[in-house]
Structures are given as C-alpha cells and as structure tokens.
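Common to both upcoming complexes is subunit A, partnered first by subunit B, then by subunit C.
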Partner chain A sequence: MRYFIKKTVALMVTLLMAAFLTFLAFEVIPSDAAVANLSIDATEEEIQALRESMGLNQPLLVRYGKFLLGAVTGEFGESTQYGLPVAELLSDRFGVTVSLALLSFVLIVGISVPLGILAARAKTKTGEGIVAFFTQTMMAVPGFFLGMLITLVFGVMLRWFVPGGYVPATEDFFGFLRFMIFPAIAVAVPKIGMSVRFLQSSLKEQMTSDYVRTAKSKGCGKRRVLWKHVLRNALVPVVTFLTMVMAEILAGSIVIEQVFNLSGVGRLLAVSISSRDFPVVRAIVLYTTAVVVILNYGADMICRYLDPRIKEL
Partner chain B sequence: MTSRNELLSVKDLCVSFRRKKKADKVAVNRISFSVKEGEILGIAGESGSGKSMTALAVMGLLPDGAKCSCEEIVFDGKKLRGNNADKKEQKAEELLRRQLSGFEMAMIFQEPLTSLNPVLPIKTQMEEPLLLHTSLGKEDRERAIIEALTKAELKNGEQLLQQYPHQLSGGMRQRVMIAMAMINKPRLLICDEPTTALDAVTEREIVELIRRLAKENHTSVLFISHDLSVLRELCDRVMIMRDGVVVEEGTTEQIFEHPERNYTKRLMAAAVKGPKELSEEQRTSEAETDPENEDGKRRRDKVAYVLSAEHVSVSYRQRTGLFQKRQEKLAVKEMSFDVRKGEVFGIVGESGCGKSTLLKVLSGLYSVREGSVNVQGTPQMVFQDPYTSLNPAKKVGWILEEPLRLKTKLSEAERKERVARMLEETELPEDAGNRYVAELSGGQRQRVAIAAALITNPELVLLDEPVSALDVTVQAQILELLLKLQREHGLTYVFVSHDMAVVRKICDRVLVMKDGKVVECGNTESLFLNPKEEYTKKLLGRK
Partner chain C sequence: MSVACWLKKDGKYNINRIIGLLFVAIALLISLVGCFYTPYDPNAMNADIKNAAPSFSHLFGTDNFGRDVFSRVMKGAGTTFLVGISVVSIGAVCGCLLGAFTGYFGGLADLILMRVNDALAAIPSILLALVFVSVFGSGTVQLVAALGILFIPSFARVVRSGFVVQKELDYVKNARLMGAGHLRIMFVHILPNIKSSLLSALAIGFNNAVLSEAAMSYLSLGVQPPDASLGRMLSEAQPYLFRAPWNAVAPGLMILISVLGVGLLSLEGGEKHD
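And then the complex of A and B:
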C-alpha cells in the first residue's frame, strides 16, 4: 500500500516535470508563433497585436499554468497547419494508433508466452537451434520490409485485404479488424522474436535455481514447478521488457503507418514537424511522455505484485 | 530382501557428468550404504568428494547432465531406482518418487535463502507438501503449518505465514526449511550441509533442532557435512568419502577415536581443533599463565601500533518513508581498540554484528561518523569469496600486476619479477600467471587473492573470512600460508571470522563484537579459556 502511494506520488511529480520540460522546450525554440502565422510583410503592429491575442506576452509561469490547464482539459490550441483544434485532430489519430498497439500487444503476449515456455523446455541441441533460428530471423527482418511483404502477399496476391483500405471500427468492426490484423502482425513479429528469447532465457535461468530443487523435493511435478514456482519469478524482466515494447508502439510506428497508409499518431507527428505545426507537435510529445511514464508506473505495480522483494523507489 | 529395520539401502551407486571432448567425470563411484530406522548417518568429506551428489541421487534431484546408475536404491521395501529400467518402469519409478518426496522422505539444503522461492509467502510454500500428499482442509492445513513452525522453534508462526523469505534472517529461513521438510513427519530426512551458511551460534541451534525433531518423529537422518565436529556431535554412524568412494565407515566413536585409514586421520588433523578437544587439566593450567606475560613473550620488541581506532561509530542512512527524514542506523557504535605491529588481531561475532562494516572502515572504503581511525600505510584486503572477488576476464599475472602499475613506478621487467616472486611465496605453480582464475581451484584462487594483497608490501592486511568458503584441508593450508607470510614479512593481520576454531588457531588477540559494540577483547588463549562475558561463552558453545 505504501509502495503504491509512493509510486503514485512519484508518477504525478514525473508527469508535471515532463509537462514543464515539454513546455519549456517549445519556449526556447527560436521561432515566434505569431510571426509564423502572418505573412512576411506583416507590420510590427500586426505582430504585436497577434502576440497579444495569442497570449504570448504574458509571463512564462502564467503561460505554463495555462498550458497545463489546457493539457488537463484536452485543450491544446489550434493546429496552424489544418486550422482545426489539436484535440479534435488528435482524437482520430489516437484511435488508430491505440487500436494498432492493443492488437499487436495481444498478438505479442498471446504468441510469445506459450512459445517462450515451449522454447525453454527445448532440451536438445536441435530444439535450441530451431528456436534460435526462428527468433533471430524474426528480429532481423526490418518492419517496413515485412509490411511490404505482407501487403504484397495478403493484399495484392491473395486479396485478403485491400491495401490502404482502412475502415473505422465505428463503421464496420469486423472490416476494421480484418484490415488492422495485418499491420498489427507487421508490428508484432520482430517483438515476438525478442520476447520469446527473453522469456526463454529468463525461464532457463530460473529452472536451475535452488528453489526449484526444493519444490521437487516436496514432490512437485514438472508442470507444477513451472506454473507455480518458476513462471512468476521469470516474468519480472519480461514485464519490464514488454512495457518498453508497448510504449514504443503507442508512440507511433511511423514506418508501419506509412506502409499501410494508416493515419495514426506517428504519421501526424512526422507531417507536423516538417510543417512546423508546433501546437500539434507539443501535444504529441506530451502524449508520448505521458504514455511512457504511465506504462512504467503500471509495470512497476505488476512487478511489485509478482516479486515482493521490489520495494525501492 | 533388506532386513526389517533397514529404511534406506543404496547399492552400487554411480554418478557421472558428461564433459566435452573428455571422459566423463565420475562424481560418485559405486558406493553402497544403508540407513536404519531412527538412525542418524553422517557423510563427511571435502567438496568434490561426491557426498552432496550421493544425497541428491537418493532424492532423485541430480542436476541436468548428470548420469546416474545403480544396482538399486530401496526405500522402505520400495524400489526407488533399479538397474536398467525401461521407459515404462522409469515412469513408474518417477511417480513413486513424487509420491514419497515431501511425504515419507524430505530434504533440506545448504542455502536457506535461495532454497526458498523468493516470490511466494511462507504459507504457500509450506502448504505445498500438505496439498500434494494429504487431504487436509484449509483450516487443518493452516493449523498444521503453525504447529510445524512452532516445533521448529519459530515463535510467532501466524505472523510468519504471510511473510516472504527475504524478510527473515538466515537462521529463521533454515528453520522454515526444516519445518517444511518435517511437516508430514517423514521417515527419512536428508540434510545437505544445512549449517554451512550459518554462524556458529545459529549452527549449534539448528543441529540441536534437527536432532530433537528426528528423535520426536522417529525420523532417520542422512546428514552431510564437511564439519567434523558437527557430525561427531550429532551422528550415530559416520561415513567418510573421498573422490566418489567410501574411505571408511563405522560408528561415530570408531571413526573419531580409532580412525583406521590415513585419509581419515589426515582429515581429523586438518580439522582445526575446537576448544572441546582440550582436556580439563590443560584448560586450568593454561588459564593460570598470565596473558600479558605470554603476549609480551611473543613480540616483546614491538609495541608499536599499526592501527588504532578511537570511539569509532559508523552509520548508514535509511529512509523509511517518502516524507520521513532519513534515519541513521548505527552499524558500529563507539568502538575503541588498537592493533599492535606484527600481531594477528581477530574480530569475531555473528553475522550482522557489524564486523564487515568495521573492516570496510579500516580499509577506508567507508568513512566514520564519529571518532577516528589511524592506520599506518595503505592496508590491503583479502575477501571471503575467491570465486567472485577476482576478475574472471583477466589472467592471474595481470591481476597481480595491476596494483604495481597503479601505485609504483616499477618497470615492466621489475613488475614481472615481483609477480613471479609472489607466486612462489604463495606456493602457486609458476605458470599460474598465464592462467585465468576459472582454471584454478578454490584454494589456489585464495592464494592469488593473498598474493594480490601482499604484492605492494603493505604493513597491514585485512582478512574478511578468508577461509570460510574453503574445505577443511585447504583451510588448514591457507592458514599455514598466512602464518608463514606473516612471520617472513613481519605483517600485521586483522582477521575477521565467525569460525571460533580458526580464530583460536591463528590469532594473538581477539575482539568479540555484538550489535556493533565491543563485548570483550583480549589475549586469544585467555579469552577462549576464561570468557568473561555471557555472550562470548555462548559464541564458544559453552552455556
């Protein structure tokens, strides 16, 4: 309980600090939003007037307060590029990215946990060799290549899905799923390779522990030793690893989104940076940091539940 | 057919390990023995003698890669393992073993910390043998667990149930292990060096506990240890093993009073004599000699102090909560003592008494909070575990040369010469400089650690349990070496240990520590013969 409170306080502090740094970063960028919004031949008065109306002349802390308030209420200002409120612009993109992330996460966990256990039980040289070959191949294939390969085989040749034919889940849920499963596979495959290896080595290490011997001396069978004793010990590093993977996907897989023509957060970020759409960039940066921090918080909680020895801040 | 009161009989047991490109390494070579009902059989031997492998083979817990064969292992008339069993028979044997393990036969291990599952509460772990072998209901199980814990002299059993192994001390963990092993009142208990990782006081208590529980439940015990004094105290019969074979076997009295084989005699001689072995007359006569006088006789000409500590306190800070202030915990409290030039100064105490902290202060690794420490020159340190305190990626020669490279301006040739001399002095093979630490034995590694400490010609050497990770015979050799080097170089040692017998053999003066404070300090012999404080008596095993 105490651990939970400590961690929650730490989470809040980290989030505030991240928000402040994000805010500060855009403050020090040598580009004036007001100037950027006007044409080159704008007069000094016009610039000043716009600065006034955009609130750029207020003291730093006041502006930070406003920024923070906006962040909490989902008010990030207006995109200079699309002329739309940032919140509205982002909410569509979030839907795509989050569903892609969730779908690939389900694939990663659902496939790599059983495979990892199977791999750890591979006792023979050949068995280990097969595992090593497949996991290494999976890790080595670049995401864009895999994406293109999937599009070619399943989209163009087999016609299981229409390349670029994204359907929002609200319109046709199964159509949405039928399309999204392919980019999700492209995202998941390299990560599955990694997590299988991770889980395999973690399990193998635990299998040789003294407490396994004790469990056997009590009369536990192989299955009970694995599920009751080993798995929980072996999961801690895997949970931490999966959190990183999840954060990475949620922050937007620009390449996969590009290949499958998905309008997710990653692509929006790329476009916004090149067109200096700072309100959007700022919102995405803030969102990404928040995702990472909150996911780590969740991972800490799970690890603490799995392993009571973890207690330090 | 085995005779009626024979509980376990092992015939022609062999255990070997496969090795790459070499012949298999034989760990146990055709040994046979039996344990009678209610009997305590001890197996003694150095590490590598195959005693642990024998125990693990009986329990069917040999590590992967071990090959095991035998004529038969019979437990209570049931065949646990036979010769050349086919697949089907093996399955049946496996099933029988699982039914018996944790029920009729149980085992406790050397390392009580790692032998318990770190992520499961005590209750879950202790419940397992009950769940697997009995049909007790939830409440009965809990009652049985608390009863077992109480019998193992763990008082607040109910509180323990929800605790995790890391929250308990080493002694408590071993008690939990014993309680867990005894929970189904097994007929055979196998103990694999159960006290090696514990300090002297706890060791005695644990041995006593095992003896009492075995008697109460009429349990036979197979007790494996390299500590002969423990075996002598506990066992009815003792078997001495070496290189996988039985050297000698007999009743405890036969083995200890009239050993027949040379190896057994050597083992006894190497085991440093504990205070018990002294006769009463010896005690009184030695006690009469004036300790100061004797001390003066030894090093009359040197009264200089190499190290003096005055009112030293050491603390470390601990934060108990986010908003609480950091709390200071004192690991060493107001300690004052001097170490004379050329003496061996022993520091003894249970684990957790602050001896290691004190040593780190003396070596300058920690700073003091109050008081002062004056040390002449730069002391060198030798650590307990030669397996982990030497860099595995470097050759021995490099390890020995390093302090010279850093602290002196010697040329490479001079450094090499110094290394060669040091190897000779520590009785290491000449080519040891070109080997990696992993290629050396435990004793050789500790020699390397000693050589590395002495190569810069320090005046003072701090030894942190330098022999407690070693076998008795190797222990004796290393102690000899330390004493020889001390004589030749006029060194001063500060020797930290929990092994009273070793301390008695090597130290001139001893300081007894408890909870960071000095309990007693004085000449070794007089302290051993006439301990003044209750705690010292307890530590020496005299109540």
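And then the complex of A and C:
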C-alpha cells in the first residue's frame, strides 16, 4: 500500500512537471501567438490589443494554471492553422493512431516472444551468430524506409492496399486490417529486432541461474523449467521493456503515419510543427508525454504485483 | 593485434565481424570520397534526364530534378555521418563529465540528476527532438544541438554505473593513498577501465543519431534543401516512388549498411568483453 501511494504521488509530480516544461518550452519562443495570428504589417497597438484579449499579458503562473485546467478539461484553445478547436482536431485523429499502436504492439508481442524463446535456446556459435545478424538487421532498417518499400511492393506493384486509405475497425474489421497491417509492420519490425534480442539475453540470464540448476537436478523437465520457472522470473524485466516499446511505438508512428498518409495524431504533429501551429503541438506533446508516464506507472504496478519483493525507490 | 587476428573468434573467422567491417568500410569510403570528389555536382539540375534509370553514366539513376543520385548519396552520407558524429561527441563529452562526477562523488546532485535522467529516458527522444525543433526552428545546427543534448542522459548513465562500481575497487584506494587527486583518479585511472562499455555506448549512440537524423530530415525538420542528407533524399524520393524507386532505395540502403555495420561491430566487441 505504501508503495502504491508513493508511486501515485510520484506520478502526479512527474505529470505536473511535464506539463510545466511543455508550457514553458512554448513560452520562450520569440514570437508569441498574438504576433503569429496577425499579418506582418500589424501595428504595435493591434498586437497589444490581441495579447490582452488572448490573455497573454497575465502573469506566468496564472497562465500555467489556466493551461493545466485546459489540459484536464480538454480545452486547448484553437489551432492557428485550421481555426478549429484543438480538441476536435485531436479526437478525429485519435482512433487512427491508437489502432495503429495497438496493432503494432500485438504484432511485436506475437512475433518476438516465440522468436525470443527460440533464440534463447540457440546453443551453437553459428546459431547465436545468425540470431545476432538478423536482429541487428531489423534494428538497422529505418521504419520509414521499410514503409516506403512496403508501399512500393504491396501498394504500387501488387495493389493489395491503397496508401492513405483507412476504415475504422468498428465498421469493417477486415478492411481495417487490410489498410493497417502494412503500416503496423513498418512500425513493428525494428522493435521486433530489439525485443528478440532483449528476450534472448534476459531468458539466457535466467537459464544459467541457480534455481534453474536446482529445478533440473530435482528432475524437472526442460519444458516445465522453461514455462513454470524461467518465463515467470523473466516477466518483470519483460513488462518494463514492453512499456518502453510502447513509448517507442508512439514515437515510430509519428514518422510512419507520414509515409502511409494516415491522418493520425503523429502526422498532425509533424504538420503543425512545420506550420508553427503551437496550440496543437503543445497539446499533442503534453498528451503523449502523459500517456508514456502513465504507462510507466502501470508497468511499475504490474511488476510490483508480479514480484512483491520490489522495494520502493 | 592484427586485423586478421581480430576477425577471428575462438580460432575461427567470425562472419558477423567480417560483414560489419566490410559494411563500415564501404560506408566510410563512399562518404570520405564524397567530401572531395563526386562524379557529378550533387546539386546540379538537368531537366533532360529527369528520373533516369540506373546506367553506367548514372550508377543509381537520377532524381526528379535530373540530379545524379549516386553523387547525392556520397554527399548525403557525409552530412548524415557528420551529424551523427557531432551528436555523439556532444552527448559523450557532456555525458562522461556528468556521469563521472555524479558516479564518483554521489550525494544529492547524483540523486537529482539521476531522477531527471530517468524521466528523460522514459520519453521517446524523437518527441523531445520535435519539441526542440518546433521551439528553436528547423535546420542542421538546431538538429545537432537537439539530438546532442538528448543523447547526454544515455552516456551519463553508462559512465555513472561504471564509476559507481570502479570507485570501490582497491586500485582506486591505492591511488588515493599514493596521493593522486580526485580528478586524476577519475580521468586517468577509472575512465580507461570502463572503455569497453563506453565504446559500445558510442556505437549504439552513433546508430541512434543516424536513424534520428534520417527520421527528422524525412519529416523536413532536419537538414534543409538543397543540401543532401540521406533522410532528406528519402523524403524527396517518396512522391516518385513508382516512377523512380532507385531514388529511395539508394539512400535507404546506405543507411541500412552503415547502421548494420556499426551494429555488428559493436555487438561482437560487447560479447568479447563478457
């Protein structure tokens, strides 16, 4: 219970800090929103008047308070580029990014867990060498280059899907899969390489530990040792690792959405940075950071449940 | 230790290490030659040979402006590697100093810095780089600064954990008794002892920097036109993917072989140490 309370307080502090930093980062920009909204030949009085009406002249902390309140209630003001509320822009694109992330995550776990177990059992030098070569190759391919190759082969040459097409999973699940599986593969491949390598090394570490020797000498079968003992003990680092992978997927989808012309949050972020649409950028950065921080919190909770020996830091 | 000796492991040639060395050599050769000589001017446009297929006169074909793709890959690889090396240098020097002091002296500064480090490590670096670029504008210098700062924590962590272990060892106490100062112990005695973990951190850092540069330039937030960089070339190639796929394949493969080469070399170095 103490662990839970401590971690929750730490979560709150981290979130507040992240919000403050995000807020501050966009305060130091030389030109503020008022200048950005007006044409080049606006007079000083006009700029001042708009600043006043946008509340830019209030003290820093008051504006931070307003920003926080807005973040909690989902009010982020209007996008300077589209003239629409930021919340509306985000809610339209939210589904694409979440489904892309979830599908990639399923792919990564589904492929890398069996492969990782297989890799951990590779005993010969040649076997280890081959595993190392393939995982390194997967990690060396930039996701967006892979995405372009996939578009070229499956989209342009074989015509299996139309780049940029998207159907919500709730309407037509197979149509959704047909459009999303290719971007998901592009996001997943580099992370599969990473995960297999990680699983291999952490399983190997467990396999050489004393409790495995004891279990074996008791007459425990190889399979039982793997499933009942090794995998259970390897679970804690794996959960922590998968959280990191989830954060990496979110980052990876920023670029992959661009490659496949998917109108998701990541693409909106890239476009908004190019057009200096700061309300949108601020909202996306804050929400993404919050998701990552909360995921880490969740992972800590799961790890503590799996292994009650974990002490509070 | 001769090269042939180094390529062997347990008496047999190690294929991964040979491939790694080969790839790094190719990448280095292409980018170094590109600094002094390219077959064509990488920025010279020629409307007559738009999107020409690979041939003997244009090894990787030409792009939509009739620029020679091979020359651009040579120049672009140079830019990309230069960004990678600068980023790693900033990250490694600052990270080493930070990690050395916090690891050696410990205390409150150590506690605070490591908490900040953990928080930064949790957030994907490309997101932070995007924030940095959106605040300070896009361009090569901003990109190097952003990535360099973002790479400090990873080096600081590696160096710090090395120092925490090493400072308790007898040779440090010995040196202390001999009257060596703290700075001398830190950088003359301890630092060479964590060489191997630092080297693999450098290799991983370089690879991450190259991949991040490519991703940022692909989003048009890094290296600006008309300068060639591998990521930039990929983003320019995308609209013509069907008509001129060599535009994308050439820079993509260049990224692949250089990152894979460094990865394979660093991998073997790490394993040998274990």
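Methods note: the second predicted complex is superposed on the first by the 295 of 313 C-alpha atoms of A that agree within 3 Å, B and C clash if a C-alpha of one lies under 4 Å from a C-alpha of the other, contacts with A are read in each partner's own complex, and residues count from 1 in each chain.
In this section, a contact is a pair of C-beta atoms (placed from the backbone, for glycine too) under 8 Å apart; a residue touches a chain by one contact, two chains touch by 3 or more.
Please read all numbers here as calculations on a predicted model, not as lab measurements.
When the two complexes are overlaid on their common chain A, residue A:309 makes contact with subunit B while staying clear of subunit C. In the superposition on chain A, contact of A:214 is made with subunit B only, not with subunit C.
When both complexes are overlaid on chain A, the residue A:9 reaches subunit B alone and has no touch with subunit C.
Residue contacts after overlaying the shared chain place A:61 against neither subunit B nor subunit C.
Applying the stated contact rule after C-alpha superposition, one finds that A:233 touches subunit B and leaves subunit C untouched. When the two complexes are superposed, the chain touching more residues of subunit A, out of subunit B and subunit C, is C. Contacts of A:72 after superposition on the shared chain: neither subunit B nor subunit C is touched.
The interface of subunit A with subunit B does not overlap its interface with subunit C at any residue. Interface residues of subunit A facing subunit C in the complex, by the touch rule stated above, are 14, 17-18, 22, 25-26, 28-29, 125, 129, 132-133, 136-137, 139-145, 148-149, 151-152, 156, 244, 247-248, 250-251, 254-255, 258-259, 269-270, 272-274, 276, 278, 281, 285, 288-289, 292-293, 296.
By the touch rule above, subunit A contacts subunit B in their complex via residues 2, 5-6, 9, 123, 208-211, 213-221, 228-229, 232-233, 306-309, 313.
Per the touch definition, subunit C reaches subunit A in the complex via residues 9-10, 12, 14-16, 19, 119, 122-127, 130-131, 133-135, 138, 207, 211, 214-215, 218-221, 231, 234, 237-238, 241-242, 245, 248-249, 252, 255-256, 259-260, 263-264, 267. If you check the complex, the residues on subunit B that touch subunit A are 59-61, 63-64, 98-103, 106-107, 109, 111, 114-121, 128-129, 132-133, 164, 166, 177, 180-181, 321-322.
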